[in-house]
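These are the structures in question, set out in turn.
Presented sequentially are two complexes of chain A, the first with chain B as partner and the second with chain C.
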Partner chain A sequence: MILDGFLREFKGSIFPVNPHDNSILGLKCYGRVTDIPAEVDMATIAVPAKYVPEVMEDCGKKGIKAAIIISGGFSEVGHPELEEQVREIAGRYGTAVIGPNCMGIFDSRSGVDTLFNPRYKMERPRKGGISFISQSGAVGSVVMDWAGAKRFGVSKFISYGNALNVDEVDLLRYLGNDKSTDVICMYIEGTRRGKELIKVAREVSRKKPIVAIKAGKTKEGAKAVSSHTGSLAGSTRVWEAAFKQAGIVEADGIEQMFNYARVFAEQPLPRGDKVGIITNGGGFGVLATDACVKNGLRVLPLSKKTAGEIQKSVPSYAVVKNPVDLVGDADVGRYEVAINSMMKDKAIDSLLCIVLFQTANIDSNVIEVISEASDRHKKPIVCCAAGGSYSELHMHLLEEAGVPTFESLKDAADALAALTYYEDFKRGTPQK
Partner chain B sequence: MILDGFLREFKGSIFPVNPHDNSILGLKCYGRVTDIPAEVDMATIAVPAKYVPEVMEDCGKKGIKAAIIISGGFSEVGHPELEEQVREIAGRYGTAVIGPNCMGIFDSRSGVDTLFNPRYKMERPRKGGISFISQSGAVGSVVMDWAGAKRFGVSKFISYGNALNVDEVDLLRYLGNDKSTDVICMYIEGTRRGKELIKVAREVSRKKPIVAIKAGKTKEGAKAVSSHTGSLAGSTRVWEAAFKQAGIVEADGIEQMFNYARVFAEQPLPRGDKVGIITNGGGFGVLATDACVKNGLRVLPLSKKTAGEIQKSVPSYAVVKNPVDLVGDADVGRYEVAINSMMKDKAIDSLLCIVLFQTANIDSNVIEVISEASDRHKKPIVCCAAGGSYSELHMHLLEEAGVPTFESLKDAADALAALTYYEDFKRGTPQK
Partner chain C sequence: MLTMQEGFKLLKKYGIPVAKFSVAADISSAAKAAKRIGYPVTVKLDSPDIVHKTDKGAVAVGLKDEKELRDALKKMLKRAGTAEISGIIVQESCSGKEIIIGGADDPQFGDIVMFGLGGIFVEVLKDVSLRVTPIGKRDAAKMVREIRGYPLLAGARGEKPANISSIVDAIVKASKMVEQEQQIKELDINPLFVNEKGAKAVDVRVITY
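Up next is the complex of A and B:
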């Protein structure tokens, strides 16, 4: 599976190693690593745990400076001594190791792909700016599959398992300097280097956003963590304080993490917390207002100038307040006026634009209006479009145009709040 | 559009009325209501507001006892006197009126369908046990579209607009007695009959669950309510107390409302708050535990008997605690043992079963195992399966088999918590 993964996208040379075969998937197979007749940059090791020390010795002798050890069977199942032995070998040769007990790496640019789930069961995402560090392989594989299906762009995914000599702190520092990474996502259960993690995260956060899920926040969850990765989940309060100090945007679950990552990857930061809301369904305007305000954002009345501008171009039964309700018979023209007037208004920092595609007068042209406004003004805009297949198609088109679009108003409001939170951190003002 | 809606599914006689046409969509058209040569049960009125009184007079003379007034242009845009006039006429003839200013009714069984959004933009749901009362037409149309796309079963949808002489209290009482309605959903901004609403809701809740969204819970949201339906949003605390007293399950947004409705429609109530969790990915087990505990559910250690039973059939590296982590190479056989042992255990009230379909050894047969266990044991079970198209297919298959399946662990845990909350209410124990 892993070799097949490399063969699909990886452009460099690949040398299969196995003592029992002469060729695998059409490539010449070597009996041991030291038989390979070329310099090797990286080894991917997927042999039973007890053979890993021997293979690592060979890698060291061969001068290979990086290894991914996929194999499980170490400290996570009560064999810390075997892990220690591998660590000693890696230390002796200066080998940087991802793993053991992990899914390894997916890099959309180099084509490195050690994820061993069958491709028909697990899609791969396209190139993009989101990278993801995960202490859980399963969480990572679901996220990659999901990102693939939703066509979100990913740079690198790293499942680091038992963190032999490369841990979340190293990876965070690496991705902080990685030019193809715009946003860093993390799934973390525990850490052995709390202070360094905060320090490095704080440095990285100044450059690019970090969105993290902390698993094991309840007492029972912490117990489950100890049976899973053997980490100490630690005190929830300490983690929350650390995240705040480091400017890490905390996500409540996988979907929220990726929702946040999408807006960070695609939208500019807002200057403040004042949201403008546009809708063609009054109930959605009300729910959006509630969702924003619950998130600590402000939904203030429109300025007279903006209201006047919109008023001129919409019928008298439209409600030109904030939210602006263009009502059920709104066409693209009404959206164009409302969006552009509000995007220009300095008293509005970000825009939540609801488009109910069920209504008779709306059509696909609204996508161009929204994406043009999003390009022209340096302000974040997110959309909400919920419904069946017609609406879903338009959600995808909006996404393709670079406008993060959500089915749920709560998700849209949460995403704007995350942008605002991070901008707040960057500006150095104390968090609420 | 409305006539077309009737023509598609409605089996009874239809009489178009319009003074300017002799026939519409192939049906003979009458000049006025009183010209119709038959008894008529219900009128659907979609004429400009100023003609509504005249049409209503005709309906009254014709002996029509029920009317849906789709037309807007009454109190919601500052013409309460016109609405009052219509109310007087309806009162004189004893006509029950849905609307005005509404989308009317969709009834999956009788084929009544006044929803005027084009069918290619808005899907219709299939027959089922969920009914939905909405003060907002837009919210209703999105929900219907969405339910159609996701293949959730709906009984009746009623958009009641300005509530001329039939309001949410009447509709709640009606649906409480409606045999084809198993779960009632509500979107509500405000009410003119608070006390009656609580009283009726409490009676209905004893028979079937009511899931409601209260819009306008923030100060700003309440302002948006007054520009939308002109209702008084009222105090959030009062509403929350009222919901609790009436056993109404409050939902935070449209998705959550429907998630709750689905589990209520398809799963039995749990006897208590003790959740068993099964997973084939450790990280998901941790996140599920956190999500359940945050929701006030309990995730307790497995009984010795259950643990022993499972232990016998799974490899030593599986984690037989709660959550039960069948690990990444789990096959259907391991799920079968774990699910059935836990469903039988009296110390487990409901089951959250995570299946990561990305893994190599899992296949579609797990669906039969889960749905059979769900049928055999009188305990609720919900699934979580997240990912790309392969996982999505299996989510749909699980849904078709009657097992509510969620992409998000939080949604799954929220749904189990809603079942538990309602069971608690029914048993008459005080809420936490």
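Up next is the complex of A and C:
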């Protein structure tokens, strides 16, 4: 399965190794790694755990400096001694190891693909700027499948399993310097070097956003301690603090992680926390305001100039405050005026645009108006639209135009809050 | 656990302001110390056997003169019974809001520092903020603003605002202290009194490895 993955996209040379076969999938098969008649850059090892030391020894002799050990059966099931043995071999030969007990790597550019789930069951995402590192292989593969289905652009996926001698800190540093990665996503359960993680993540966050899911927040529990500080700290609060210090944007699950990654990849950062809201349904404007304020964002009155500009072009029964309610008979022209006036307003840092496609006078041209405004002004804009198949079609069109669009107001407000949070970190922690 | 005197010494070493105090061996020298410091004073028994001093009646605050001091100490020593007493602490009276700065060791992140408003805010409402060391000024300032009770420090209902930068300073120094002093397992500076002028530590508990 892994070999099949490589054969599809990978352009370099591939050497299958297996003592029982002469050829696999039409390629000549070698009995041992040391039999390969060429230099090898990387080995992917998927043999039963007990044979891994021997194979690693061969890789070392062969001068291979990087290995991915897919095999499980090490410290995660009570065999730390076997893992230690492999670590010793890797150390002796200077081999960098991803895994063991992992899915390995998917790189949309080089075509390296060790994910062993078949393609008809698990899609591979298209090329893009989002990279994802995951301590869990299962979460990682679901995310990749999902990213494929949702047409998110992915640069690299790395499932690092037991982190033999390459851990999340090394991978963050690597992706921080990787030119094809714009946003780093991360699924993490625990760390062996928390202070290093904060230090490196803080440096990386100055350059590009890191969005992380922390799993197992309640599992560890607070240590049994006698002081106030000890009993109040606990694992969850410490992780939250660590993320704040590192500028890491915390997501509460896979869906939110990708929502955030998408706005980071597609939208500029806001200059501050002031949101402008446009709607063609009053109630949605109120809900959007609540969702923004709950997230610590501000929804302030429009400047006189902006209000005046919009007022001139809309009927008297439209409510020109913030939110701007263009009311149920709004057409594309009203949206165009409101969006562009608000995008120009210095007192507005980001825009949440609600479009109820169910209304009579709205049509598909609103998408061009929104995406043009998004391209022209250096301010983030997210949309909210919900409903049946007609709305769904337009949501997809908006997303294809590079405007993050959400069904829920909470998701839209959360996304703007994530941008604002990260901008605040970046501003307060200038790049050295 | 360090004695209170050792704890105060450690705080001073790192520049965390400590309320003026003196250690006396008996009631008479406590009276002399109080005269030097100036009434009103607070007296406390420094004892490794008494962890929660207030609960055990080992603290008396706002003593106005020598008579009050002698009476209070007599009762206190009687109550202490056979507990080991390493000294009597005589301390200047402080005013302001009570805050707490603490330190602990996290299994994954190592040293951490916690901040909160003292009393029920910490014990009942768990209104605290924390960070992993090392903690710089900006993060310390965020810790102070992050607690829900922050408006009480910033000056609610016409009160004078507490000296926020003195709190920030104390947090940064506590961070240095827990990082550099390897023997510290847990730290509670509880309370520090903070008013418009600055912050002063009034009690400290250091649990060592």
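One rule holds in what follows: the second predicted complex is superposed on the first by the 412 of 432 C-alpha atoms of A that agree within 3 Å, B and C clash if a C-alpha of one lies under 4 Å from a C-alpha of the other, contacts with A are read in each partner's own complex, and residues count from 1 in each chain.
Just so we're on the same page, a residue touches a chain if its C-beta (ideal position, glycine included) is under 8 Å from a C-beta of that chain, and two chains touch if they have at least 3 such contacts.
What you see is a predicted model; the values in this text were computed from it and never measured.
*Asks:* Who wins on chain A residues touched, chain B or chain C?
*Replies:* B
*Asks:* Between chain B (first) and chain C (second), which does A:G387 come into contact with in this model arrangement: first, second, both, or neither?
*Replies:* Touch partner of A:G387: chain B, not chain C.
*Asks:* Could you tell me if A:A241 is touching chain B, chain C, both of them or neither one (first, second, both, neither)?
*Replies:* The answer is second: A:A241 touches chain C but not chain B.
*Asks:* For A:G281, is the partner it touches chain B (first), chain C (second), both, or none of the two (neither)?
*Replies:* Once the two structures are laid over each other on A, A:G281 reaches chain B alone.
*Asks:* Once the structures are superposed on A, label A:V47 by its partner contacts, choosing first (chain B), second (chain C), both or neither.
*Replies:* neither
*Asks:* Quick one: classify A:T191 as touching chain B (first), chain C (second), both or neither.
*Replies:* In the superposition, A:T191 touches chain C alone.
*Asks:* Just to be sure I read the superposition right, which of the two partners does A:L7 touch: chain B = first, chain C = second, or both, or neither?
*Replies:* After superposing on A, A:L7 lies clear of both chain B and chain C.
*Asks:* Touching A:E123 in the superposition: chain B (first), chain C (second), both, neither?
*Replies:* first
*Asks:* Residues on chain A in contact with chain B in one complex and with chain C in the other?
*Replies:* Shared contact residues on chain A (touching chain B in one complex, chain C in the other): 220, 223, 225, 227-229.
*Asks:* Any idea which chain A residues touch chain C in the complex?
*Replies:* 190-192, 194-195, 198, 220, 223, 225-230, 232-233, 235, 237-238, 241-242, 244-245, 428-429
*Asks:* State the interface residues of chain C toward chain A in the complex, per the touch definition above.
*Replies:* The touching residues are 51, 100, 102-104, 106-110, 112, 114, 116, 122-123, 126, 128-133, 138-139, 142, 186-188, 190, 205, 207.
*Asks:* Could you please specify the touching residues of chain B with respect to chain A in the complex?
*Replies:* Per the touch definition, chain B meets chain A at residues 1, 72, 77, 116-118, 120-123, 134-139, 141-142, 145-146, 148-149, 187, 189, 213, 215-221, 223-225, 227-229, 252-255, 280-287, 289-294, 299, 316-317, 319, 321, 323, 325, 328, 356-360, 386-392, 407-410.
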